[in-house]
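Notes follow once the structure below has been shown.
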Amino acid sequence: MTHHVSSMLDTYPKDLGDIDRQKLAECIEACFECAQTCTACADACLAEDMVAELRQCIRFNLDCADICATTGAVLSRQTGNNVETTRALLEACRTACKTCGDECASHAEMHEHCKVCAEACRRCERACAELLASLG
Amino acid sequence: MTHHVSSMLDTYPKDLGDIDRQKLAECIEACFECAQTCTACADACLAEDMVAELRQCIRFNLDCADICATTGAVLSRQTGNNVETTRALLEACRTACKTCGDECASHAEMHEHCKVCAEACRRCERACAELLASLG
Amino acid sequence: MTHHVSSMLDTYPKDLGDIDRQKLAECIEACFECAQTCTACADACLAEDMVAELRQCIRFNLDCADICATTGAVLSRQTGNNVETTRALLEACRTACKTCGDECASHAEMHEHCKVCAEACRRCERACAELLASLG
Amino acid sequence: MTHHVSSMLDTYPKDLGDIDRQKLAECIEACFECAQTCTACADACLAEDMVAELRQCIRFNLDCADICATTGAVLSRQTGNNVETTRALLEACRTACKTCGDECASHAEMHEHCKVCAEACRRCERACAELLASLG
């Protein structure tokens, strides 16, 4: 997927301004990956025998999936300017990924899907933080 | 729609805690309404003869639609606890609605759809602000 | 919400063609309502003591919520023409609503939220079927 | 991203049944990629000087992005069984990708972003068709 994300940035018909294109591409990719992984982790938790103990994890997964998908979409748009909203959304996405990643990490030893999901959340949390920092 | 939003809160099987149920229902309803209206306004702007001058408005509309849809979904969940993320998301949604509402209001006299959309954005911005305030 | 859906159709700047505007507005409204209700019902099922027996219902709710949200967005666009896709999507939405509505109805007596959700699914299923029929 | 999609299927705690896991993973990945690419292509078209001539392309892009995102989410869930809805949704997604891919391909020589997008649409159309065929 990274290939297409970068290709779309490279073929955008106008000037992209002084945004860090590498960090932007990495964040878009991480958001879509985290949205998919969290959707699958919510579903895997639902299938566990101990589902009743995984309610909080499922809730975090569902919220994180929605927020990452929306953040990935907003970051995929370059036309006009929506910096203030982008910044606030990146903060929300970073928070959602940290919260979900912490929860998943806490039962990573028991559930392999939570281990994979914690990694996707960490990567996305980091990508949001780095993009935010680069926005100045 | 308000009827169903409230009915679902009323039939939630556990304690909702000390959240202001009226403000929550109003905000969920406003988010879904604003998501629909912004999606339609982006499309109506795209159909205008002067579409080239409405690029910024379309961008705001598309971002606002995505963020409102996600905020409406996250607010529709009561299981577990995701307060920090909810708060950050409400800030992002309020910002998106203010930005989009200001833009739409600026050409409300020329485009009726922007006038309707500005109202939906204002309502949602207010609902997010009031719910945020009630969260303490 | 119906008010805004109709207002946006009324203020669309070009000819809407020979689509049944009443059925279209009803279907858009039903899709957004069903998306919200199914999201809330998945969450309410997750909170039930007997969550392990509600896995199938939660799965249907989550799928139905996603499909209704997308159908509501696609139907909110009038620019250009995307009839073949719209038709196929309405079929998918009708199927999702029937499946989810049947499941929710089957435990409506035990869970009030499933009763409310079954109604929203039935309404949306009907609205999709009627809009499909009117498309010829 | 393919890595995470496959990892989540591999760590799913129950039997996946007789679904073709390779085709499923490929289709999930293609859906998320196409959702991102179509979102970016709608935005790139909006930025073109000749935006007024790209209205139909933008409409197809926006619809295709929404449908691919939803299809990718539904396919990411394995709990319970939602075959009939999945099948109908895959048909809708295939149709959306074919329609959008044809349109983008028709101005691929003029707009590089449409060329990249046409490839993502073709890949996703193929992946949906192959998964549908494998469902029997």
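So that you can tell them apart, the chains are marked A, B, C and D in the order they are listed, and the count of residues begins at 1 in each.
Quick note on the criterion: a contact is a pair of C-beta atoms (placed from the backbone, for glycine too) under 8 Å apart; a residue touches a chain by one contact, two chains touch by 3 or more.
Just so it is clear, the model here is predicted, and its values are computed rather than measured.
J.: In terms of residue numbering, is the interface formed by subunit C and subunit D classified as same (over half shared) or different (under half shared)?
T.: Since more than half of the residue numbers are used by both chains, the interface counts as same.
J.: Tell me which has more C-beta contacts between its two chains, B-D or A-D.
T.: A-D
J.: How many Å are there between the centre of subunit A and the centre of subunit D, using C-alpha atoms for each centre?
T.: The answer is 19 Å.
J.: I'd like the Å distance between the centres of subunit B and subunit D, where a centre is the mean of that chain's Cα atoms.
T.: From the centre of subunit B to the centre of subunit D is 27 Å.
J.: So which bits of subunit A are touching at least two other chains?
T.: Within subunit A, residues 43, 46-47, 55, 58-59, 62, 69, 73, 77, 79 contact more than one other chain.
J.: Quick one: which bits of subunit C touch subunit D in the complex? Just the residue numbers, please.
T.: Subunit C reaches subunit D through residues 55-56, 58-60, 62-64, 66-67, 69-70, 73-74, 77, 79-82, 84-85, 88-89, 91-92, 95-96, 99.
J.: Contact residues on subunit D for subunit A in the complex?
T.: The contact residues of subunit D facing subunit A are 1-2, 4-5, 7-14, 28-29, 32-33, 35-37, 39-41, 43-44, 46-48, 65, 69, 72-73, 76-79, 111-113, 115-117, 120.
J.: Show which residues of subunit B lie in contact with subunit D when the two form their complex.
T.: Those in contact with subunit D are residues 42-43, 46-47, 49, 51-52, 55, 58-59, 62.
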